[in-house]
Amino acid sequence: MKTIKLAVIGGGSSYTPELVDGLIKRWQNKEFLTRQLALIDIPQGKQRMETVAGFAGRMLAKAGMPCEISTWAGLAPGLDGADFVISQIRVGGMKARWTDEHIPVRYGIAGQETTGPGGFACALRTIPVAVDIANHMQNHCPNAWLLNFTNPSGIVTEALIKHTQARVFGLCNVPIGIKMGIARALGIEPHRLSLDVSGLNHLSFVTGLYFDGRNIMDQVIDSPLLEEYLDKIRAGRHLAYFVEDLNVIPGSYLYYYWSRNRSIEDQQHDIRSGKGTRADEVMRIEESLFSMYADKTLENLPPELKKRGGAYYSDVALNCISSIARNLPQIEVLNVENKGAVPGLGANVVVEVSSTVDGAGPKPVAQPRLPAEILGLVQKVKCYEELTVEAAIEGSVGKAFSALINHPLVQDGDTAMNLLRDILDQNSEFLPRFAGKPIPAF
Amino acid sequence: MKTIKLAVIGGGSSYTPELVDGLIKRWQNKEFLTRQLALIDIPQGKQRMETVAGFAGRMLAKAGMPCEISTWAGLAPGLDGADFVISQIRVGGMKARWTDEHIPVRYGIAGQETTGPGGFACALRTIPVAVDIANHMQNHCPNAWLLNFTNPSGIVTEALIKHTQARVFGLCNVPIGIKMGIARALGIEPHRLSLDVSGLNHLSFVTGLYFDGRNIMDQVIDSPLLEEYLDKIRAGRHLAYFVEDLNVIPGSYLYYYWSRNRSIEDQQHDIRSGKGTRADEVMRIEESLFSMYADKTLENLPPELKKRGGAYYSDVALNCISSIARNLPQIEVLNVENKGAVPGLGANVVVEVSSTVDGAGPKPVAQPRLPAEILGLVQKVKCYEELTVEAAIEGSVGKAFSALINHPLVQDGDTAMNLLRDILDQNSEFLPRFAGKPIPAF
Amino acid sequence: MKTIKLAVIGGGSSYTPELVDGLIKRWQNKEFLTRQLALIDIPQGKQRMETVAGFAGRMLAKAGMPCEISTWAGLAPGLDGADFVISQIRVGGMKARWTDEHIPVRYGIAGQETTGPGGFACALRTIPVAVDIANHMQNHCPNAWLLNFTNPSGIVTEALIKHTQARVFGLCNVPIGIKMGIARALGIEPHRLSLDVSGLNHLSFVTGLYFDGRNIMDQVIDSPLLEEYLDKIRAGRHLAYFVEDLNVIPGSYLYYYWSRNRSIEDQQHDIRSGKGTRADEVMRIEESLFSMYADKTLENLPPELKKRGGAYYSDVALNCISSIARNLPQIEVLNVENKGAVPGLGANVVVEVSSTVDGAGPKPVAQPRLPAEILGLVQKVKCYEELTVEAAIEGSVGKAFSALINHPLVQDGDTAMNLLRDILDQNSEFLPRFAGKPIPAF
Amino acid sequence: MKTIKLAVIGGGSSYTPELVDGLIKRWQNKEFLTRQLALIDIPQGKQRMETVAGFAGRMLAKAGMPCEISTWAGLAPGLDGADFVISQIRVGGMKARWTDEHIPVRYGIAGQETTGPGGFACALRTIPVAVDIANHMQNHCPNAWLLNFTNPSGIVTEALIKHTQARVFGLCNVPIGIKMGIARALGIEPHRLSLDVSGLNHLSFVTGLYFDGRNIMDQVIDSPLLEEYLDKIRAGRHLAYFVEDLNVIPGSYLYYYWSRNRSIEDQQHDIRSGKGTRADEVMRIEESLFSMYADKTLENLPPELKKRGGAYYSDVALNCISSIARNLPQIEVLNVENKGAVPGLGANVVVEVSSTVDGAGPKPVAQPRLPAEILGLVQKVKCYEELTVEAAIEGSVGKAFSALINHPLVQDGDTAMNLLRDILDQNSEFLPRFAGKPIPAF
């Protein structure tokens, strides 16, 4: 069996145990053995990381898997000789996420970790750190693959592909979530289902759906079985009514675009009612999770982890590692360089698309042109993403403004300017490239 | 001198005298002689048309130009043997425009004749009528050129190019207005200025600006001479600050997109204050104009016509007729089939672009790729336009919804649905293709 | 285990036993069971087909595989209920191939089964028959996949994709042959090797080569191990010298283009010396093979079959059937609709390209742009192929001439005209669509 | 009237008097006044240049045009302050052209100044010199336009656009020659005719033909009036028969591709018969012309100049200068950067295409896709051209070989290698970038 060394950056994340659980299963399943697991985090995260490492050690011991865990408060030497690096960091932590979710609400815009001004602020903080990680990899593990799960995943991956030499691709759990949801609703095994997916991270679309290779899109879209699922992702029956004409199943984040008003109303209601945003919720869940992880008797994943979100993320990541390590082709939906696979977008931008993965890494499968009902939205969001990457790399106030005004949820100059001022102000410790750059008064 | 027959559909428009003034000048300038001028309008517009015809007759008589005017309440036989047909109709008249401008305001969206839900409603009413005119031309004047000034000009032209056999192109006075404004500000003769223009009708951009062939974009953008003009079209100094980085001068309609909030606030203020919308204003101006036109002693254009809007429109139209009639190349900014001239848009859609015009008609000049700061917006609006054409042709509620939700000023499913219900309801007499098609309740 | 019905059109081919051998292995390997095998051929081929069927029956019996073989002199009812149809026909038989190989030589052009005027003639004869087969499938097995191995494979597949409703893709053994050759030379197991392939059938190029996922193109191209192989496919050391700069391994048919003169000299020498062309050789081999097949004691594939050519063809075909039947993704080099996967060619043409195959069939993987050194040749040959398809479908003398003059080995009007006259004349019984269409004298 | 300074590099050319004749006419026609005319040539050409300058002086004196002629054996200071620079050089002179025309014939390939291996050799010699001229212009006249008539015009222009900062476009007299030929055959004034032209230099195609704006392509193609003309450029009636289906009129150089065999047979016959190649003929004509030019009594263009070729070249050049100087739009067929105007070719390559010209210089008009019958040839020749530019700039033997083997008239590795050896050998004094670079033996 192939053995690998895996480095996890953001190793102190509450996700890590799920990843370790997956590593054990892959070993039991004789796919590959993770002989070394290096958890890497920032110094402030050392205590959480040690808690995670302790729990992971108990899981591995119980399974009897011969894996050496180490923890590192810094990139080197944990990266040395790694075959795979998973990045799952959150620059600024939950506190920054909380800010990302609350600033937009002041301007009547949904506050969201990845979509809209919240995701924009997160990208500005994250891209320089992600680039730094990739540059360190050149020295410490130049042949390793970097699997980016760090949000906003598509934008960060585009920055890495355009501005570093890393062998990198991006992951997201939304496409696999759709697949698992449909399989569950139809009562079939997931591996008998295959999907054509095309678009951008958190804005991708299922354009083909096959059961044992037979096209079942029509049946699924008309099926009452899926009503609940489709109602939710289509944000209401009135949208479903029209989506049916397209024979396309959108990812759930279309909700923020096609139900813009409801999404902000729901969020405002949650804030007023004291429930807060998703960051508040996740902080509560994480507190609870870490107290369980610290329990020296815990040897199995606690059921509470399900609430954490990111379901199936480790499945996608480990499917890819398994395919690469064994040179065994699989098809996964990944964030990769377009190369013409998604028509109507530039060849050098990053898209979320059905891709083959084998030992040579992922390559996008050519897709049909998205219908006009969707294509324009995707093209505009991609322009926002390209401008966001440029703004973060150059520390450019002008590009940052241009990115925000191009986002479909902003679409207003005064609002973009106010948002930008608040974002730069409240994130100043994480945005050295913008330090001392004035925003014009008006 | 070449002689032509010109038919003007919507001949009773208050614009017609300006057109007649232009025809006289072209004759005096020995470019071409309009021997026959057929004014065509609907029966309800007969009286206004007769008033216009009377005034036009006095203008021609004073100039001594040998031109035979006729008026027709219906397409045939006025179209017979025409060399050129100008379409400047308004389906539903000013009353429908008033509705177009007021419905969106209820939903916090700017009410505008061509941009946003107002322009959408106008397109639904107009496209079937425009297609009918083009089909009549096949029988009555199959070789004639159709110059479409009917709004929304780009969308109507796309419908005509995709769904009829007419030799047609679209006109707008915005690009020539920018040119004349810059020339005035710089104190130079307009013919020494040339512009590269690329984009869509009411969303086009000057990407090159030349004085006697020398690139002066940098100087003009930095020039205090143009500050007032640029401030206005850029909708505020804070936008100007960033637009300078792009070296691009936007048309004034970018205001609705980049200053979305201000534009609706201004309009709401005007409505509350009793000033009303532009339709209210134009109705007042037109009443005044028609009373002047009816004055049997009036032989010259009244200065009040300037307030009517559409300045230079007749210049563009007659420049094109002159170029075609004399097979003499000129460059005008027109709405034509893209054919790859504007990169990033489909080859078969209509764009507003610098075009050569000679006897063979207009052909687009290939342009460089628009920057990401603009391209995404243009691509999304084009998808909206394509869907609007399909909705109008097919009478499709689904396509109509999809068009509205794709418009950057709407971007919300509930709002799109409400807007659509109001629009179909209040325009039902002009939308037979939508008759009896239910909009789903929710 | 999944069970299938397979129909083989051209079932009397000498290739069939290899296919049967593969079916047995797939069953033994627990991939799928071919419960029914329908061999289909034309009435004139009945005797050969029975010989083949007899031998196949002995192979199956020896293996103990529960498969029912049937033979049919006509398409129906053999096609009924098939899950997969393999087409391996030769319209006009070896006699027509002999003619295809000899006509071009008269004009100083290589006579070849698939490349050049020989392949062109073969396509004219074959396309109408292939279209007829696909149309029959609509009635008898509308959900079946059609695997086209019939030559010229890329052109015939393009005709089927453009002019029928069949679920079809094309196969060729050249790409797998390159892979197996490299694996053998390097002494490694083939499954550890993966290739990026892009281009056209019999004109495709390996642009990426990976061993366990590591890019080994540089080493392989420089390796003395591969010298012999590369010398041959590059048609001489002087070409190898330059190909190295491209980091690309061409398929062996580049020989006809890049060593045009040598290829015709070799062939002329063979004809003069009495050795004849490949058709002569294959006829001798086939005579010998069929006498062996008829031997009632033969239960295993005779070693002579290796000389027949088409090595590994059945491996590719059965890999695809296995992937589709089991919905298990693999990557194969196939002839499929481009959809932008090979940049610089139209979206709707057929290309030979690395494709994923799973239950939903094959989909092309997006490839980087071919270098100018190769791209122009590929684009020109594709234009030849498109024109050939149109000529065969329309029975158009003009398109046929245009196809021939566009072929890089012809590139002369007089020659194209003479070739066309000879081809139409000598194939008249197979070209009813060209009957009575005069070729102009000159 | 606008006054200009014009510099002519290759001022000693026999073409110069025609250019001077045109300058006089433009002045008489009140378009522009050439106040300074700087003739520039290499030291070896000084005597011829003085002869030309003397004759030009007499022409100007007779016309009374206030123009100051100067002659310079070197680029500076003749270029100082030029508004326009015309390049009409021949690196290696007629002797090198003679070699270019004779080497290919040894290998059964037409020897031609611009097409095939002859044009390739010419490009290798010329590109470094042309780049050097453009670089000098940056210092001496950075705002001047460079009009490149130097052959091979399209390839040299591509090198200048890709590898210098010059404001440059390329000219050719073939498209205007077709226009004038058709006008003459139809008995109409040329300015009433307009053409859509698209393709590459010496491989462009008329795809639209308008008389006073009316499409007359059908009539012209069917017209017996044009039979003689079309017969010639289509290289025989049998080609004409098919070209009619395309509704396209090719330029005359298609003869070398579509009548490859005839073209070489004709040339071999001419060589055997002692007539020689075009170089021999031109040398005889030039000797005669220069003896006339030297005649102090000659004040008008001698009729013999007509035989020199290049008819109308000065018309195109001066039309462009007139349009640029006066900022007056015209449409000319020029060699410019593609920018998507000719679909199917890269955006950054040089194409020959109908272009608008005004003060801002030439811009390509977007054209429809060329039919497959032509497109593949154009794409392949463009790849040859791109490789030729790279070979000349880099001095790369590998790129040079790749260029030659890609040329449709070569298409053979051994031949390409032999040609390359002969070309490098016989042009060594003009190819310093290739000095000491071995060509591998084989």
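Order of writing sets the labels: A, B, C and D. Residues in every chain begin at 1.
As a convention for this text, a contact is a pair of C-beta atoms (placed from the backbone, for glycine too) under 8 Å apart; a residue touches a chain by one contact, two chains touch by 3 or more.
These figures come from a predicted structure and were not determined experimentally.
J.: Return the chains shared as contacts by chain B and chain D, ordered by label.
T.: none
J.: Among the remaining chains, which ones contact both chain A and chain C?
T.: none
J.: Can you give the whole-Å distance between the Cα centres of chain C and chain D?
T.: 45
J.: Mind checking the centre-to-centre distance between chain B and chain C? Centres are C-alpha means, answer in whole Å.
T.: 57
J.: List, in ascending order, every residue of chain C touching at least 2 other chains.
T.: none
J.: Touching pairs of chains, which are they?
T.: Touching chain pairs, listed by label, are A-B, A-C, B-D, C-D.
J.: Where on chain D is chain B touching in the complex?
T.: Answer in residue numbers: 143, 191-192, 194, 196, 208, 210, 212-215, 324, 327, 329-331, 338-341, 343, 347, 354, 356, 358-361, 363-368.
J.: Spell out the part of chain A that touches chain B in their complex, as residue ranges.
T.: Contacts found on chain A: 235-239, 241-242, 245, 257-262, 344, 372-373, 375-377, 379-384, 386-387, 398, 401-402, 405-406, 408-409, 411-415, 417, 440, 442.
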